[in-house]
Every structure is written in structure tokens, then in C-alpha cells.
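Input: structures, listed below.
Presented sequentially are two complexes of subunit A, the first with subunit B as partner and the second with subunit C.
Presenting the complex of A and B:
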């Protein structure tokens, strides 16, 4: 009798565990598939951004403002206007950066800058909408459904896990692009990236891909 | 042949001059006939910001290589303490340190930068060179020239020379010597007034001994 009760409890607990493990996974999978479909309609994006960096050591925050241009597949132009002028341009052929103080264009070696590599990969990942493969490196959790907000926690063995504690991504109501990214770093610093005046599938000026061109 | 050599030398000279060109407007010198060294010292003392929370852009120049970053700096000159966080323009933190006159503590250094020697120690020392001891002591020897007033005083195991000048009679140069050798200099090209206090807003540190320059531009007073 005791054995039967024990067997029953075991079965019940296993089925409950199974239920809790699969239902959110199914929902997450549906959400990620929907996101992938919606974001795949976006071929290009241009957006202003405000990046607020809260450093654990300081009371005040550092605010960077600029513009981001993305053209699929794989082209990214990151322009900072304040507090200093800076640009980073990634194309199929090269990764170059320029800043007004040195007025020099430098090529970036990602293999020599793992933190930079993580940051760039993160940006490309977030904007691609291709989140399902990211489950290899991140635990993904639904924070809210409308508006959709997802939490990404890097797995211990992932490269991002060396720098990042978690990333929250808030999507625009139609789920075609990202509205906010909130990054909590291992150091306790936080970075909030907010995207405003976002335009989808509009023609992007070719000068955006020239790292030294000044944009207003 | 002589013409070729001359051209070669000229190119070399221009090349070197280009590498060390001054990224700021030159100081407008004015005659300081009616200014006493003590009056100048007192005026500078009351105008200098004592607590600075600033964002700077920083360019590190070494052997034809330039490297730029953004620095978040907090300095309390009343007790000689500082906190610095340095990041690249995308917002990736490179290093973070705190320090005072005697010690420097590194809170964070990006792993790749650790391979380039004791960077936090070097940065901390440069912050002291640039922001500490901006005011000569009352006991400093003074030398009055037409366009400059110079203060000289012992400092550590060497000598510090302060040069004041320009239309606002501000600190424009600071040179540190050991055994008559100029080890480093700081050139203060600009000061910015903010809420009644002056902040160094355009400066260059030249480390003659190690052969590098640091160019700092004030971007924001917080």
C-alpha cells in the first residue's frame, strides 16, 4: 500500500513538473516564432537612441545620444553625437571606427576585443529578431506579454556570461522592433538603451556606411 | 643630392610636428606688468573648482597610435581623492579606479587591458599629475616675466614649475623635474567657468620620460 501511495505521489509530482516545464516553454516558443516572423519583415531600420549608463561607483548617470542604422544582412552603423562624436560601421567587408578627437579611422579587431565583440553581437542579435538560436547561450523568460518584454540571462559558459548578468528587452506594440534594452552588468552597472523616432524599411543614405561622414 | 636630403629632413620634421601638434588654440599672451604673483595665486585659488564631477573625452597618443575614450571623473581636491571610470564611446567600461594622494585601487579592468602593464596605476598617477597640486605654495620662488609669472617649489623628490599667463592670468603649464630632467608636463589650454568655479577644460599631459601624450577635453560638468 505504502509503495502504491509513493508511486502515485511520484507520478503526480513528475506530471506537475512536466506540466510546469513544458507550458511556458511552449508559450515562449510561440512568442519567439511570432517575433521572428514579425521582425523578418524589417529589412532596414534607422532610429535615434538614448543610452543611459548608471555606474555603480557614481551617483550621476552618463548619457550618450546618437543614431543607429541597420540594413540586413549584417550592416550596422552606430553613431554617437553626444558627449563626443563617434561612429562604428560594420559591413560585410570591414569593421571601422572613427572619432572626432583623434579624427582617425581605425579598423577594429574583434578577436582582440572580446567585450566589444559581445556588445556588437548583442546588438545584431537583438535587432535581428532571430531569438530562438540564442537559447543556446541564454535562458529566456517572459516578463510581460503586452507589451512584450523578455528577460535574457546568459548561461554560465557563454561569452556574454563573463560580462552580463541579465538583459531585459521591451518590444514595440506591433513587435516589429525593440523599444528598450536594459542591461545589468556583472559589475553592478546598468545600461538602458531607448530607441526613439524609429523608421522601418526606409531608404538609408549610402554615406551612413562611410565611417568618417558627419551626420546630423 | 643635398636638395633630396633637405626634403627628406623637412618631411621628417613635418611628420614629427604633425604627431605632436597641439589640438587646442594657442594661449593669447598679455603683458602682466601690473599683476603680482601673490595676487595671481590668490585669484586662481578662489576660482578653482574644489569638487569636480565631469565627463571628459580622453585621447591617448603613443608612437603614432591614438586611442580615445570617455572618462567619468569625480575629484575632491579638498582631501585629494578621486574616482574614475573610463569607457569606450559605445559605452563598454574599460577600467574603474579610486585613489588618493597615497594609493590607487583598481575596482575593474577589462581583461584585455591587463596585458598592457599596470594601467590603473599609470592612469591614477596621471590624474594626480593633471588635477592635484594646481596651486603653487605661498613659499614657492617666483619669477616675473613680461607675459608669464613662474612659481618654482620642491615637490616630492623633484621640483615643480608652474607657469601662469594669458588674458585671464590662469595656470597654463606645469612641469615636473628630477635631477634637472623634465619628466612630465601638463599644458592647460582652456578653463571653463561653471557655477562660479573654473574647471580645466582643454589640456594635454606630455610624459617626456615614457613618450606618451594624454589629451583631455571637458565634455560635461555634472
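Presenting the complex of A and C:
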């Protein structure tokens, strides 16, 4: 009888352990699938942003304000208005950046800039909503469910692990877009990127994709 | 009875030994002993290219993603567990790349030359510093700032852009465009993945190659259907070449055997005629065993030519058989045919003997194999065969009184002669258009599937042309780095930096690094460092840069890294070094890559002469080296063969006129081979040249027999004998036209054309020439 009870306890504990181990994975998988579905309905996005950078490079916090435009597949326009006008435009054909200080347009070759390549890839990953493939590079953990917040910690062998300690991503209540991204870098630098006045699937002006055009 | 018993025992022993004979399809056996050729070959054999196999995985349908491809890679890599594979490179640890790069920047003082310091001097000015700080500030506004900031802090003056650029170039020096995704080696479009396996199996090890290829093919089977996996490796060529040659040998032997059997049964209608077929078969069998005992292993090419050798070696049996059937096996009959048969054999033997003077080991085998088989056949034909054959009906052996059989179709001799002259002019004209193909890859015939897979592989991975390699070697690693650096400096001047990818571009020799470090220290005086700090502080203030903003760089200015043989513990450095630096048993070799184009090869060949021990390895250069070496050799060997053939012919015929007539088939065959090869859209190659020399030996026999016949008119069945001899030879050579292997095919085409034309010429043109070029002593024909 004792043996039967022990066997039962052992089986029960094993199955419970198993359940405990797999439940969060299942939940995460469900969440990532839901996110993928919801964000897949977004074809374009335009949003204001405020970026706060605490970098060892600067004495004080650096705050950037600007706009981001995203058009699927693969088009991104990053516009900084303050403290200095700067723009980066990625289209299917090219990657260009411009700043008002030099008033020069610079074309970027991804093959010649591996760091840039990683950065662009990471950025596109965050905005695409396609997070399940990112599990190859990151451990993903649920921080909160409502509003949804996920924590991404780069895996040991991933390229992102070179730069990033962890990334926290907070989603908007309907989980259609990102509300806030908080990046802690390996160097201790932090970057907080907050999105304001986000508009989904609105027509984007073609001049957004011209790197030198001035937007208000 | 004793002879039969001994022969049977010898044949049985040879048959048993056949199981133990080792074959070799190593291309080296067929290459000349030229120093440069052997050096290139040794390098290719011992380099770390030869111990790698690549498995290329491709996504077959658009439904599946790169993720599925990566999963398949992991599944496959995880399933490979064999001592044949020493190391599997499926994923690359990318996590250490960034810190390693920044760590490597500490060697900047040793890596920057005087020209960089001159530029640096211009940069440490108010305008220069202001411009750099403005640039760094602008970078902080970009979305990629997190990824570039550590570099900018460690190198605010952008001193290392050239070094980092060189590191990137070197990582792509082999010509393949690989991207790293989740640590895996993927093509740009993410549809292909690559797994690299390091093996202990040598490329030349046919048995080991077969084992590892079979093992991997089994491991590829469980992969999902949406994945296509191909093995890309030299080992694949070893196995496929062996398979194709084996298949060719099997096919040609079967076809030739049936051809011989049918010919003997229908032409001779005498079961004893089978002995003529069995003599060369037995001779080839015995020779195979004896050649193996002497050489230790046999080239597949030699074995592939065994049907040709059998076709040649049965000629003597046919001559003897025809004579004995016609005139009996009396001493008188044998005396009548012994001289032309022996001299005919000697001319053929002399051509093969010439190959002993070649520096190509494979040709020594060919010479021994052929001559031994021919001698056995000759001896059996002259001394044993007559005892087994009976005369059809007794006749008196006298000179024939009726005119010799004519093949001239009633056409006047002068028209035939004119036709022959026109043919010779056309063929000679065509032969001037013939090109010589010296591409070594023509020896390699792995089949369409392997070629298709390799083409797809190269197209997927962006490799259009394989680069050539410049190799330096030295006793110690330090000396090797030193020499490599010296070569790099000059090579860059000769062909430009963008065309010469050398390890010296990121790690120069000790003396240069020492000199660079000295210059660096002299440049960065305390005063200069202070001036630089002041400029940073002054022009950094408007941008709000912190005092510690560029500490990673400033702290190293008065404390640069010490001189070492090479950096330690850097994975990226070790990986690059693994591609460029090879440790040999008694030396170090360092390679550099450059485009495999004639102009670069020519320019760098001069450099090679300046640095003893260094050499170039390129497909084009290698072909040229082989071609030059073989051309030199074959000019001499060809002349020797011609001289020997002429000598033996002249000795037998003892008459200049008859000798000239006897060599008409040789001249005609040579011109026709050149013309037909051109008309077939092929080019001349070394195996074809060898085959041409063999043709000389063969058709000289026909010429000798026909001239002998024209002169003496002996009733020994010369014309049917020559006809049957040439038919059996053509059977032996024409079967090679069914061979898949390009070399065997090329040999087949040359031999068939040469023998056929030589035979027709012997039958038609020799009697014509004999009749037109009259001599008083001649018997009218």
C-alpha cells in the first residue's frame, strides 16, 4: 500500500512538475501567436516618439523627439526633430541617412556595416510583431499580462548578446502596436523609447520616404 | 601439356589475386613530376581545404521559413556522430564578436603605419576634433546608436576603420557570401544553410571517401521533404569518379567481350579461334596481378584502357592464326610471318616504352602494363598458338601470282592518290584550328548531378570564381608572419590592395609592428596626449559629452598593448587564422587570395621568384604548369616514339621507299585525328596526345604488314588478318565512346579515328602508292 501511495505521489509530482514547466511556455506561445495575428493586421504605422538615452558618453540624459513611419514590408522612416534634425530611411532599394548639421545624405551599405545590419534587423524584428522566430535569439518572459509586457534576454550565442543585456517591450492595450521599449545595454547604457499618437493603417505621405524632406 | 598446366595455374592465381588488387583514381598519378606542379598538388592535398565537406541545405518550398531551415540544420548536425568527422561547424558563437573587436583595437598602435600617423596629426586639430565629435553626436541620434557607441568610444578618431574593414574582407576572402542568422551560416536570401564538416578522411582515400559519403547520405534521408540537402566536397568527386570509371570499365568490357566473341564466331567459324580472344584476356589478367605486385596499386585509367590493350594484343594471334589456317604450322610458315609480327609488336612496344621516359608515374604503369601484355600475347601467339590450330587445306606457300586484293572500288590509283592528298590538305588545314585544352578539371568527371549541385551551391552562395592562392612558407610562425607581410607589401603595389586578401592586412610581421609601436609612442608624447584631452574637453562641451566619454581610447594612449607573436584568446582571430595559416610538420604556410586571372598570375609570378619557397596555386596557373610540363615532355616523347617506329620499320623493310610507303597510314591517322577532333567540337588534350602515340604504334603495324604483303605476296592471309586485327582494335577503342568519363571518351575518339583511318589507308593507299612508286625489283601487283 505504501509503495502504491509513494508511486502515486511520485507520478503526481512528476506530472505536476511537467505541467509547471510547460504551462508558461504554452501561455507564451499563445501570447506570441495572438500578437502575431493582431500585429499582422497592421500594414502601416505612424507615431511620434520620445527617446530617452542614458549613455556613458553624455553627462546628462539625451532626449530625442521625432516621428517613426513604418510600411510593410520592410520600409521604415526614422525622423528626429530635436535636439537636431536627423533622418534615416530604409526602403526596399536603399538605406539613407541625413542630418541638418552637415546637410549631407549618406547612403549606407549593409554589407560594409555589420553593426548597422544587426541594428536594422533588430529594429525590424521589434516592429514586425513576428516574435516567435526571435525565440532563437532571445529568452522571452512575460512580465505582465494586462497590459502585456514582455522581457527579451539575448541568448548566450546570439549576436544581439554582444550589445544588449535585456529589452522590455510594453504593448498597447489592444496589442496592435508597441507602446514602450526599454533597452538595457551591456555597457550599462539605457534607452527608453515611448510611442505617442500612434496611428495604424493610415496613408503615409510619399515624401516620408525621401530622406532629405523636412517633416513637421 | 606442361605449358597448358602452367598457364592455367598462372591464370587461376591471377584471378584470385584480382580480389586483392588496389586501384587508385588519384589524379596525381597522371601528373608530371614537375616541381611546380607537384608543389601545387601537395599544397592542395595537405591544405585545410581538402579536409572539409560542406552540406548545403535548401528550402524547397515557399511555405517554410528560415526557422524551419535552421531547425533542420540543428537536427542534421545533432545526428552526425562518427569518428570520420572531427568537427562540425553548424553554428557560430556571435556573442563574443563585439567585445573581441573592441579588445583587438588595443593592438592599433602596432597595426597603424606611418601614413596613418600622418593623417592622425591632421586630425588632432580644433577643426579635426570638432568634426569627429559632431559625427559621434549625430550617431547618437540614430536608431543604431546602441550598436556603434562602444566602437566610437573606443576609437573616436576612427583609426581602425581600415583594420575592421580588412577583417571583414578576410572573412569573405574564400569568395562565399555567408550571413550569420541565429548563429547559423545562411545565404543572403535565407533559403540556403551550410554545415561544414572537418574530416580525417583524405581526398585520395577512395575507401574512406565512400564511407563518409555513404554515412552522410544516410543521415540526410530523415530530413523533412521541404529540405534538399547536397554534399559538396572533393570526396564526392573521388567517389563519383571511381563509380563512373568502374561503370565504364564494366560496360566497355561487356561490349568489347561480346564484340570479340561474335567476331570470332562469325568471321573465323572455328571454336579454336576463341583462343585468340583468350590470349589477350589472360595476358591482361596476369599483367594486372604482376603490375599490382610491382607498383603497389593500379591507376583506374590504366585499367580503363585494358580493353584497348586487349584489342591491340590480339593482333599477333590473328596474324598467326590466319597464316597457320592458310598455310599450316610448319617452320616455313612461321618464318614467313615471324618477322613482320615481331617487328609490328616492336613498333607498338617502342611507343609504350617511350612512356617509361615520362615523369608521370601513371604512364610508367601504362607502359609496363601494355608492354607486358603485348609480350605475353606475342610469345603465346608465336610459340603456343600454332600447336592448337589446324590448316584448312594444304597449299604451297609461294608468292601469289594473281594481283593482290583491291579495295579501290575500280577507281584509278591516281584519283585515289589525289583524293588522299586533298584529304590530307583539308585535315592539315583543320588541324591548325585545333585548340589545346589544358584545363586540369577535364580529368575530373563526377557526373551531371554533382556538377549541377555544385553550380547551384556556388550560385546560392555568391561564389562566381574560385580565387587563386599565394603561398609563403617559413620554419617558424614569426618568420612566416614576417615573410607574409613582406609579400603583402609588394603584392599590394603590384595588383592593388582590393585584389590581394592577406592575413598581413590585419596582422603584419613582428618587425613592422615593432616599428609601428615605436612610431606610435613617439607620436603620442605626454604633451600630445594632453593636447588631445584638452581638445576633447573643449569641443565636447557643446555636445554635453562626459569627461569619461572616450576613456576606453584615452586610457590606452600611454599604455599600449605589448608586442606578442599574436593575440590570444580571440575567437574571431583564431577562426581567420585557421583559414590563412597552416601548421605543417616542419614549417608554417600562410596563404593569401587573389582573383584567378592571368594578369594577376603574371604579376604575382614575378613576386614568387623573389621569395624562395613561395608559390602560386590557381586552377588556371596549375593547368598552365601541367600543360607546360607535359608539352615539354610530350614533344620529346613524341619525337622518340616517331624515331623508334621509323627505325623498326626501316630495319624490317630495309628500303627507304618501302619505309616511306609504310608510314603513310601514320601520317594520315595523325592528320585525321586532328581534323576529326576539331570537327567533333573537341579540343586536344594530353590523354588524346597519348592515344595518338598509341595509334602510331598500331597503324605502323598495318603499314608494315601491307607493304610486306605488297612486296612478297605471301599467301599467309595478310589482308583478312589486318582487317580482323583492326576490327578487334576498333572494338576495343570504340567501346570507350560509350564511357561517361570524359578522359576515356576522349581516348576512345582519338584511337577509333586513328585506327579506322590508318586501316583504310593501309588497305587502299599503300597498294596505290606501291603501284605508282615503282621499283625495278618489284613483283607486278
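The definition used in the following text is that the second predicted complex is superposed on the first by the 195 of 216 C-alpha atoms of A that agree within 3 Å, B and C clash if a C-alpha of one lies under 4 Å from a C-alpha of the other, contacts with A are read in each partner's own complex, and residues count from 1 in each chain.
Methods note: a contact is a pair of C-beta atoms (placed from the backbone, for glycine too) under 8 Å apart; a residue touches a chain by one contact, two chains touch by 3 or more.
This one's a predicted model, so the numbers in the text were calculated from it and none came from an experiment.
A.B. asks: Is this a clash or a fit when subunit B and subunit C both end up on subunit A?
C.D. replies: After superposition on subunit A, subunit B vs subunit C: clash.
A.B. asks: Please tell me which partner, subunit B or subunit C, touches more residues of subunit A.
C.D. replies: C
A.B. asks: Tell me the contact category for A:202 with respect to subunit B and subunit C: first, second, both or neither.
C.D. replies: So A:202 meets neither subunit B nor subunit C here.
A.B. asks: What is the contact status of A:84 with respect to subunit B (first) and subunit C (second): first, second, both, or neither?
C.D. replies: A:84 contacts both subunit B and subunit C.
A.B. asks: Which partner does A:136 contact after superposing on A: first (subunit B), second (subunit C), both, neither?
C.D. replies: A:136: touches subunit C, not subunit B.
A.B. asks: With the two structures laid over each other on chain A, which partner does A:119 touch: subunit B (first), subunit C (second), both, or neither?
C.D. replies: A:119 sits against subunit B and subunit C alike.
A.B. asks: Based on the superposed arrangement, let me know which partner A:173 touches: subunit B (first), subunit C (second), both, or neither?
C.D. replies: neither
A.B. asks: Does the superposition put A:104 against subunit B (first), subunit C (second), both, or neither?
C.D. replies: first
A.B. asks: Of the two partner chains, subunit B (first) and subunit C (second), which one does A:157 touch, if any: first, second, both, or neither?
C.D. replies: A:157: touches subunit C, not subunit B.
A.B. asks: Based on the superposed arrangement, let me know which partner A:187 touches: subunit B (first), subunit C (second), both, or neither?
C.D. replies: Touch status of A:187: both partners.
A.B. asks: Kindly point out the stretch of subunit C, out of 9-17, 351-359 or 531-539, that overlaps with subunit B after superposition on chain A.
C.D. replies: 531-539
A.B. asks: Give me the intersection of subunit A's contacts with subunit B and its contacts with subunit C, in residue numbers.
C.D. replies: 53, 55, 57-58, 60, 62, 64, 78, 80, 83-84, 86, 88, 97, 99, 101-102, 112, 114-116, 119, 185, 187, 189, 191
A.B. asks: So in the complex, which bits of subunit B are touching subunit A?
C.D. replies: Answer in residue numbers: 23, 53, 55, 57, 59, 66-68, 70, 72, 74, 83, 85, 87-93, 96, 98, 107-108, 110-112, 215, 217, 219-220, 222.
A.B. asks: In their complex, what parts of subunit A are in touch with subunit B?
C.D. replies: Residue positions touching the partner: 51, 53, 55, 57-58, 60, 62, 64, 78, 80, 82-84, 86, 88, 97, 99, 101-102, 104, 106, 112-116, 119, 185, 187, 189, 191.
A.B. asks: Give the list of subunit C residues in touch with subunit A in this complex.
C.D. replies: 65-67, 70, 91-99, 134, 136-138, 140-153, 165, 168, 180, 182-183, 543-546, 548-549
A.B. asks: Considering only the defined contacts, which subunit A positions touch subunit C in the complex?
C.D. replies: My answer: residues 53, 55-60, 62, 64, 78, 80, 83-84, 86, 88, 97, 99, 101-102, 112, 114-116, 118-120, 123, 132-133, 136-137, 154, 156-159, 161-164, 183, 185-187, 189, 191.
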